[in-house]
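What follows is a set of structures for review.
In what follows, chain A forms one complex with chain B and a second complex with chain C.
Up next, the complex of A and B:
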């Protein structure tokens, strides 16, 4: 079971945002995607999730091609998406936001749903306390946890996470990275876009550096030389 | 003093009760309109014609001997496939075009004209008045109240309450609210958005059909009945806040009172201009309406 992105091209009107990206990730692997703003990281995530249609190339999870599928079909193939800005639904309570994530599961039962919700509340007691509050009344950190929890509840095989720690306090940031480690331990493929490069490298196995829609460098996150090369490649 | 009391009992109160039944009727038609707008961002110009189809379906099925109480169930069920196919077959085709508002507005307006003529061809241009399903009247607080009006008010309130509960308190409603606020995010959590869209449109159409069955004995049945009633429903939806369910209920009940009381106090010819002026004022000074939109906290 592997995520394989092959020679992906994406256009927004006339602008050629992604220009032939090839990427691979295996179960239990966290892959960091780095690059300056506007190089196509978020577009890459949205394309895998089905929000944006590529103009060329292939995306497949476990040999199942995704191109041309709708976001809900892609979701039901085991892809969870935690987008930038969390996208919590303001008209829904914390619990309603969370339970929406159950829709990702292909097989559902009343008892299974109840257990899944109970497990999430056990892991995130803060969400349990606030379950009847409107989702957007939570703090930024809590909203980020809710966004991750509502994906985890669907037991995905691949999770795409875009800028999860942006604007959050250091303590919460540590907690977010801890959740990503748990996902990895559960054998989930994690693709992580993050501006906090040091923090993200610490949880990543490998990384890709993107510049103007191209992969300019890939490397092993555990190697110091690779870090230095990465910093140079994305010139931050 | 007695004359004031007499005025309240014999003029004002009956008029306000008429206003209440009118308000409930308008809300029943406007609910589907506001839900469809809140979720799909589509102004369904054909909504009045779906209301008329409901009334004609009740007339036709009633003529072959089907009991009125059964029609309250059968007609909305028959409207569901009609609404579903309209959404999938027509609206979905133009939905992702850049100027969605204009294309869907014109498309549903065209559909309204076609449906109106189909009704004219099929049933003739004349007005028909179904007999009231519950004859008689009872005296309440010194006012004579037709039984059917009383039923209409109570049943209408029950339907409105049921719709509010379904949209705001069920898992299905949560899907609709989520899709109304952020279609992509809802889809990425597994919500089958195209089905939710078509299903919600069908639900709105079924509500319009149910309103048609319920109101036919009160307002009569004629091919342009939808057009006449829909202006009031649009006003209610705009004043209440496009896509707000609570707003629709509040605005519907209030504006119906404004209409009946202004025809009493000012003059019947002025009641429509007064009601539509309120809409204009709301559009100028509070264009978002009295309440917030579906799915938006």
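Up next, the complex of A and C:
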């Protein structure tokens, strides 16, 4: 039950964005990915989710290789992706957005679907209040909650989260980190890209620092010395 | 010219417009989900209309039975057309894919029209049912026309209910709004696109059987219909059923009235003229829906 990324290379035309990244994560582990803008963090996420095809290397979850699969196939193999722009369906209601998240599940029943939606509403009362509102009428924080809830409802084994707290109020940021802790407690592998390094390190088990498409440092998020090394590695 | 004549023309225009709207629903459904402009869309109506009238003339089948035979057939052919000829183009670069889909759909339009003309003859045909008429004042409405109107209403409601309450409908709306997010949710895009192509084509086939019951069809009328459907979609909004119905009926009535006052040869031009006028007058488009 692990995520294995092995010597991954990604090109955008002539530019070599990811140059041999190797990464591993176990269930219930939160892995923080840090680095300056444009070093390939988002590309790494998109490649795992199937939106970008790697030029070389392997990605596998529980030994099941991903390379060559389409994003919807990868999703149904238990990979949830919360992109930076959230991708809420603007004209669909909160409830319809959540129901679409159920498509990730391979085995479904009417009762199971109802229970899943009810559990999400229990966990996110704000979404329950707004269940018949359309996606565009939600605040940024509510949209982020919905994006994360929509992934959680599919019961993924791996969740990729790209910059979830960007531009949000501190209270909502704390809520989002709390959700990530819950995912971890449920045995989900979380790969987190985040600019709020202090906040992200507090929920992470391990981290990877990326510089120009390479992993330049890995470390244990619980160790102070590692924090200092990380700051040095990714600052100018 | 008496008011009755005008009203009589308006009744015909409403029927014609309702059928245009059905054609436009299918096109809009397909464009919204698959992002392909199917230039052969209106030609499906022409070909199915000709087939229906030939079946009626040869075997005296009831129009309902004809629809039950042709509509599922067109559903399957539409789905296979997408999978066999259009889907492979999606692997090409965007420019090649766009040109490729235009070539394939325009090619299908030409081939379908010509083959139909060779097999069934290029002349106009329709199905003439002997039906009682109802007279409201001096306006005459046949039971057939009422049945067509009822069928248009029922089909529109059915499409609405399918889009609003089923998983297929939810997936269609999701893919139309945010194709990337739909795949993020694990929606099986290939299956949804194939099904949508089939459903969109089947909608035109249903419109075709209704159309041929009051209006004449010929193998080469398809492209004009496609242009009208484009007009309805642009003005009414993509994936917007009420908008398409309103614009379709307005267009049908406008065609009827233009034909009455200026002569029938001006009718086909009205959709393009209306489209241009509306685009100039409302460059930002209408807001049909509440924000």
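One rule holds in what follows: the second predicted complex is superposed on the first by the 235 of 236 C-alpha atoms of A that agree within 3 Å, B and C clash if a C-alpha of one lies under 4 Å from a C-alpha of the other, contacts with A are read in each partner's own complex, and residues count from 1 in each chain.
What we mean here is this: a residue touches a chain if its C-beta (ideal position, glycine included) is under 8 Å from a C-beta of that chain, and two chains touch if they have at least 3 such contacts.
Keep in mind that this is a model prediction, so the values were computed, not measured.
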So, after the overlay on chain A, do chain B and chain C clash or fit? They clash
Classify the contacts of A:69 with the two partner chains as first (chain B alone), second (chain C alone), both, or neither.
-> neither
Thinking of the overlay built on chain A, is A:58 touched by chain B (first), by chain C (second), by both, or by neither?
-> neither
Comparing chain B and chain C in the superposed model, the one touching more of chain A is B
Q: Using the superposition on chain A described above, determine whether A:234 touches chain B (first), chain C (second), both, or neither.
A: neither
### Query
Looking at the overlay, does A:128 come into contact with chain B only (first), chain C only (second), both, or neither?
neither
After superposition on the shared chain, which partner residues are touched by A:87: those of chain B (first), chain C (second), both, or neither? both
Open item on the list: Tell me the contact category for A:99 with respect to chain B and chain C: first, second, both or neither.
Closed with: both
The intersection of the chain A residues contacting chain B with those contacting chain C is 49, 51, 70-72, 75-76, 81, 83, 87, 89-92, 96, 99-101, 103-105, 150, 154
Residue set of chain C touching chain A in the complex reads 170-171, 173-174, 177-178, 180-189
Touching chain C in the complex, chain A uses residues 49, 51, 70-72, 75-76, 81, 83, 87-92, 96, 99-101, 103-105, 150, 154
Seen from chain B, its contact residues with chain A in the complex are 171, 174-175, 177-178, 180-182, 184-194, 294-297
So, in the complex, the side of chain A touching chain B is made of residues 49-51, 70-72, 74-76, 79-81, 83, 87, 89-92, 96, 99-105, 134, 136, 150-151, 154
